[in-house]
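Both of the next two complexes hold chain A, though its partner changes from chain B to chain C.
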Partner chain A sequence: MTELTEILQRQLALKLLKNGFHPEQVVTSAAALSCYGYDATRQQTEPMLALLPENEEQVKTILKIAGEKSLKIFPRGAGSGMSGGSIPTDDGIIISLTRMKQILEIDEENMIATVEPGVITGELQEEVSRCGLFYPPDPASLAFSTIGGNVTENAGGPRAVKYGVTGNFVMGLEAYLVNGEKIKCGNKCIKSVSGYDLTSLLVGSEGTLAIITKILLKLLPAPETVKTSLLAFASMSAAARAVNAMLKHQINPSTIEFLDHHSINAVRSALPFTLPEAADTVLLVEIDGPDALVKAQSEKLSRLFQDEALVLIEAKDENEREQLWLARRKLSPAIANIAPHKINEDIAVPLAAIPEVISRLEKLSQEIDLPIVCFGHAGDGNIHVNVMLDKNDPAQAIRGHKAIDEIFAITLELGGTLSGEHGIGNTKSAYFSKEWTPATIATMKAIKKAFDPGNRLNPGKIFPA
Partner chain B sequence: MTMTQSEIYQELKKCVKCGACMAVCPIYRQTGREEMVARGKLNLIEIIHNNRELPEAWIEAVDHCLLCCSCEENCSKEVKITEVIAAARIHQTEIKGLNKVKKGAFALLKNRIFSIAKFVKLGSLVQWILWRRLPRHSGLVRRLPLPGIDENMVVPILPRRNLDDILKKRKINPQLPSLLFFPGCATRYLHPQMGLDLIFVLEQLGFNAIVPTEFNCCGMVTWGAGDAATNTQLKEGNLKVFNDNAQVKTVVTGCASCGHALKEYDNLPQECEILDISEFLFRHKEKLEQLVAGRNLTRKITYHDPCHLRKGQGITKEPRWLLKLIAGENFIEMRHPERCCGAGGTFGLTHKELSRKILKEKTDAADATGAEIVTSGCPGCLLQLTEGAVVADSSWQTEHPLSLLAELLRNS
Partner chain C sequence: MTELTEILQRQLALKLLKNGFHPEQVVTSAAALSCYGYDATRQQTEPMLALLPENEEQVKTILKIAGEKSLKIFPRGAGSGMSGGSIPTDDGIIISLTRMKQILEIDEENMIATVEPGVITGELQEEVSRCGLFYPPDPASLAFSTIGGNVTENAGGPRAVKYGVTGNFVMGLEAYLVNGEKIKCGNKCIKSVSGYDLTSLLVGSEGTLAIITKILLKLLPAPETVKTSLLAFASMSAAARAVNAMLKHQINPSTIEFLDHHSINAVRSALPFTLPEAADTVLLVEIDGPDALVKAQSEKLSRLFQDEALVLIEAKDENEREQLWLARRKLSPAIANIAPHKINEDIAVPLAAIPEVISRLEKLSQEIDLPIVCFGHAGDGNIHVNVMLDKNDPAQAIRGHKAIDEIFAITLELGGTLSGEHGIGNTKSAYFSKEWTPATIATMKAIKKAFDPGNRLNPGKIFPA
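Coming up: the complex of A and B.
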């Protein structure tokens, strides 16, 4: 930190303390600040100040005070993002919303929850389930990521196949513009077409347009039953055909996860059941809903694939269900044994393109001589591509980098997108112009300018520098 | 248990900053502060690694840890977080020294002349001047305003006779197979009845509990405070007792923290096995089921998982089996029994406000069950829970599951 920023930091801190902030909410020491400069992408920067507001009035105060000095603002939830969305790319103030974690209302009649942005997604799920309700979006980080982060990154999860992503559940928002003014969008109405849909615009805006302070979330009745099955196939194309057949036969799974053969090999020994050597692709299928429907659909699933599937295991109880899920849960730590580092991208492609993507990535893996492990959400085309390498080996690092360029090129060529659920952040912004035309990007930038003319709100994200 | 510098460095490098520790850290849950959660602490320790200048934020972060192991249990990279924190505290102690209160208290643990036993006895004579008995719970609260002690702070009643005194004239049956009983300081000096209960239950099962008076404190509290020298001294004393009694292979304890500490000792004699009492009883399931013979306590019971039992030793099913055995349908799970109660050794004393916030969620969960008794296999948790009941004005009592078992067996 330069002397100038240090003086500025002291001035700001004093002003905030005078305005009713508790010293615990104002982080000024360089050592502590280093803890607000990283996220799950392991980038490390040093913000000049981190603030932990406890209510929307305090958010407003911060924005007013920061505005006087034209300072940059970086909103932050749990800091568990996978694309650097919360990384302070420049001198500026972190607004950490972890202390705004009230569930303000669970409206059982309208089936809508009103929450502050710092509410932990898993805790919201737990609370609404006590009323017999259900908030379906289930990003892998749900036990610690915040709803605010989920909304601004438009996080998905395995259940997206049937239920959609976070954005499909956001009914309305309250947010503060960078100048400290409050906007409201959406409401509790199921049909609502009055004016531009600002709610959808703010969803997935990665904190670049406004600071969200209140969120209205749609809830569903909790499903009576969940049935989990594991199916193994001899090839990716056989598995892809199976996914297609399921959907065509009106089996409506909430989740269809897949593991490629690298993934299978990595977890095989940790599993409580045996998978044959010939198993090339594993599908983990979950069907939920009313008892009778789930039963009928599960039977149909078994009937359809009893010949083609190499293995078909149905979980009979919660314990067996957990055992089947082990295959997926053990995956991340298990693939870490393949190589010390991984570059992880979360591309998404149209459903029909999955076998093609997988086979081209296989070829790419041979060309660059690095293992590429794929797993993810077969039901919605969202694939987690992991290039395994040792970053300390410069030759491997270069090949890894080249692989990422190629992966994005293949994805876009097949009509896919750079990110299914992690967002662009600052780690993928360099590729952004490969996906969108100049006019499209210019339109997005014009919107950004309308919200934030000084480019002070989470700068350095989404758009290429 | 003490790590070398290079081992610490290896652990720090393992963290990928995924954030999973945030889901379970009781301190992060209350503060929302990134520097207070394992990921942030590891980051700070890495930045300041080997540095002799310790910034305030570093000291505060390292100090704000309950050593509850929740983060460790939830870490897919298996980073030995609590050991890193303990090592950081040792580093701090080497540079800054130990605070005076802890220094004085630890001196009692190792001093044979002015020992903790004598301190407690002296206390038992004068405690009534400053403290009064709680009407509904076992414990004392202050009579008059005292510095640093609020009106709800509960301290244990100091008994005139400790476990060693009571056991002096005990006759043991040499016919029975023997095992060592490590009572731990809380049972030995503060709640000797708990020790008698355990000995009684073991006798019923046909075992002789030997309780050597030479046992020291298990060392957990000194390890947690960064006092490596005292910790080593205490451990060596205990290892000597284990070695002197090497013909006895099994050591049982009723204290979750003692069990956790003992199991981590490096040089236990060969074949020496440390068991929590619930583990031991589970191994003698059939016999105990015969003894209980289908009788049940009629009061409603719930259970709090001591961190050092659940996360430290991975013991969850045995205490629940025991409670179902003694209470049947009257055993009700509370919400999130796994969450820390906020005691954390001396944390509850040094960070009263934060500890109480953590405790509040626990007492709310206990209240919601409608239980009359809240059980836990750790004297530290039990004292904290009693304080929670006083603060929340709840009527439930706190008991070690073993004391309930002894009650059931005595009444037959």
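Coming up: the complex of A and C.
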């Protein structure tokens, strides 16, 4: 921190304390600040000042004070983002929304929860389940990530196949513009076509348009039953055909996860059951809903794939279900045994392109002589691609980064997108103009400018520098 | 038309013919132009010039020529809109997209249709059903309205209860900005979080942001079975409780339409079955999906309401299904017998507020001494409110318009919205600022300005003058 920054930090801290902030809400020590400069991409910055507002009035106060000095603002939740969306790219004020964590209302009649952005996603799920209700979005980080972070990054998760992503559950928002004014969008109505859909615009905007302070979330009745099956196939294309066949045959799983052969090999020994050597691709299929439906669809699933699947295990109870999920859960730690480091991207492609993308990644892996491990959400085309390498080996590092260029090129060529659920942040912004035309990017930038003329709100994200 | 307008009309027509437009695509006669100055609100204007481009290059040419003279542009589809969205509010060029009506692709593997905006919604539904696929949105106008119109107004329909509205099926768009540049947004990926969600922003923007020239629509596998039931209840609150009970008990109908007692009385004599005098509210419930699910849920429906429902008729075949729908279909012509004119609004409220809104409209009806007929989509809170009157009676006309003010006030007070599926257009823009705060409207206007700095694209819509 420069001397000037330190003076600014002291001035601002003093001003906020005078404005009613508690010392705990004003973070100035370098050690404590380091907790507000990272995210799950392992970027680490040294923030200047982090503030922890406890209510929307305090958010407004921060924006007002930041405005007076034209300071940049970096909003963040739990810092579990996978694309750098919450990384402070410059000096400025970090607004951590983790203390605004009240579930304000669970409206059982309308099946809508109203929450503050700092609510932990998993805690909301537990809370609504006590009322027999269900909040489906299930990003892997749900035990610690916040709803606010989920909304601004439009987080996905395995259950997106049937239920959609976070954005599909956001009915309305309250948010503060950088100038300190509050906007409200959406409502508790299922149908609503009054003016522009600001709600959808703010969802996935990665904190670049406004600071969200209140969120209305659609809930569903909790499904009566969940049935989990594991199917193994001899090839990725056989597995992909199976996914297509399920959807065509009106089987509507909540989850269709896949593991490629690298992933299978990585977890095989840890599994409580035996997978044959010939198993090239595993599908983990979960069907939920009313009893009658789940029963009928599970039977159909068995019938459809009894010949083609090498293995078809159906969980009989919660314990067996947990065992089937083990393969998927042990994956991230297990692949660490393949190489010390990984570069992981969460590309998404149209469903039908999955076999082609996997086969081209296979070829790429041979070309660059690095393992590429793929797993993820076969039911929605969202693939987690992991290039395994030793970053300390300069040759490998170069090949690894070349691989990422290639992975995005293949993805876009097949009609895919840079990110299925992690967002662009600052880690993928260099590739953004490969996906979108100059006119499209100019339009997005014009919207950004309409919201934030001074580019003070989470600058350095989404758009190429 | 003034002399100046006529000169301009001739100049523009000449220029377009020189630029390759066929005379049929350039409408200049007053008689022919009258077909481009109306919509379903019965507004009728006298347009200056209507152009019927056949491809996106021609759309671009029109925008370029309009730009040179800073002319206003009014896009339209079939003119079936219910809020004046396509009404030319001023001199300018009408772009009718009805000739851009190609279904460009039905991608069966990815279950996505790519269409031009002029495709008739019903025709698309028929076409995809030949491949065993299903495009659920079903606005009442589907036999003649266009997909482009449905998208720009974000049209709903009875099946929105289960499937959502048009916007829930739009995966991507191509559109021309007023400056003639093309933007592309969305793609064929189920999950995609790369940059701002321009697709959702354009959906429901009522032609004020861009001219949509290509639309990617999500399709579903056609449901195996559809089962229709008619239930009659002794009161609106009993019917509303029934709707809530269905949803809570995991019955997930595709459609829950309701008819109030005025509506029932209007159609009673035309029905092929007898409805008891005590029937105050009728629900028309449709359950679709896999056979096993439909069977189980229909049985549950009968079990749940066998005591409380005065009548519970379940259609045994397609013929009986048609008969049950008769009540709903005959409604619009039938209520015309109550009074020569009607003012109809399509408010939406949170589900739980339906009984309250109906009871307050009842009271209002007594106060203004005019019948208020309500029917619509009980499953999603979208109510078609019809104030019945004789407009030629000045006292009734005044009371009728006062009623509309009251209807919106009640709706907004109960957390509702001005429009569930018709949009704001120019008929409801005067009420817009009652729903949204000044900061919210200013934000929407800033977006409008970012897209269309000269306010030349469909001006006079959505925003209060």
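Quick note on the criterion: the second predicted complex is superposed on the first by the 465 of 465 C-alpha atoms of A that agree within 3 Å, B and C clash if a C-alpha of one lies under 4 Å from a C-alpha of the other, contacts with A are read in each partner's own complex, and residues count from 1 in each chain.
Going forward, a residue touches a chain if its C-beta (ideal position, glycine included) is under 8 Å from a C-beta of that chain, and two chains touch if they have at least 3 such contacts.
Keep in mind it's a predicted model, so treat the numbers as computed, not measured.
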Message: On the A-aligned overlay, A:Ala348 touches which partner chain: chain B = first, chain C = second, or both, or neither?
response: second
Message: Looking at A:Tyr36 after the superposition, I want to know if it touches chain B, chain C, both of them or none. Which is it: first, second, both, neither?
response: first
Query: Touch check for A:Ala465: first (chain B), second (chain C), both, or neither?
result: neither
Message: Looking only at chain A, is it chain B or chain C that touches more of its residues?
response: C
Field: First, second, both or neither for A:Gly122, with chain B first and chain C second
entry: first
Task: Report for A:Leu4: first if it touches chain B alone, second if chain C alone, otherwise both or neither.
output: neither
Message: Between chain B and chain C, whom does A:Val165 touch in the aligned arrangement: first, second, both, or neither?
response: second
- prompt: Can A:Met444 be said to touch chain B (first), chain C (second), both, or neither?
  reply: second
- request: Go through the superposed model and pick first if A:Ile183 touches only chain B, second if only chain C, both, or neither.
  value: second
- line: chain A residues where the chain B and chain C footprints coincide none
- prompt: What residues on chain C touch chain A, complex-wise?
  reply: 107, 109-112, 132, 153-154, 156, 160-161, 165, 167, 177, 181-185, 187-198, 200-201, 203-205, 209, 221, 223-224, 244, 247-250, 289-293, 295-297, 348-352, 377, 380-382, 415-424, 428, 432, 435-437, 439-444, 446-451, 462
Statement: Interface with chain B, chain A side, in the complex: residues 24, 27, 29-32, 34-36, 38-40, 42, 50, 52, 78-80, 96, 98-99, 101, 118, 120, 122, 141, 143-145, 332-333, 336
Statement: Residue set of chain B touching chain A in the complex reads 16-24, 31-35, 39-40, 43-44, 47-48, 55-58, 61, 76-77
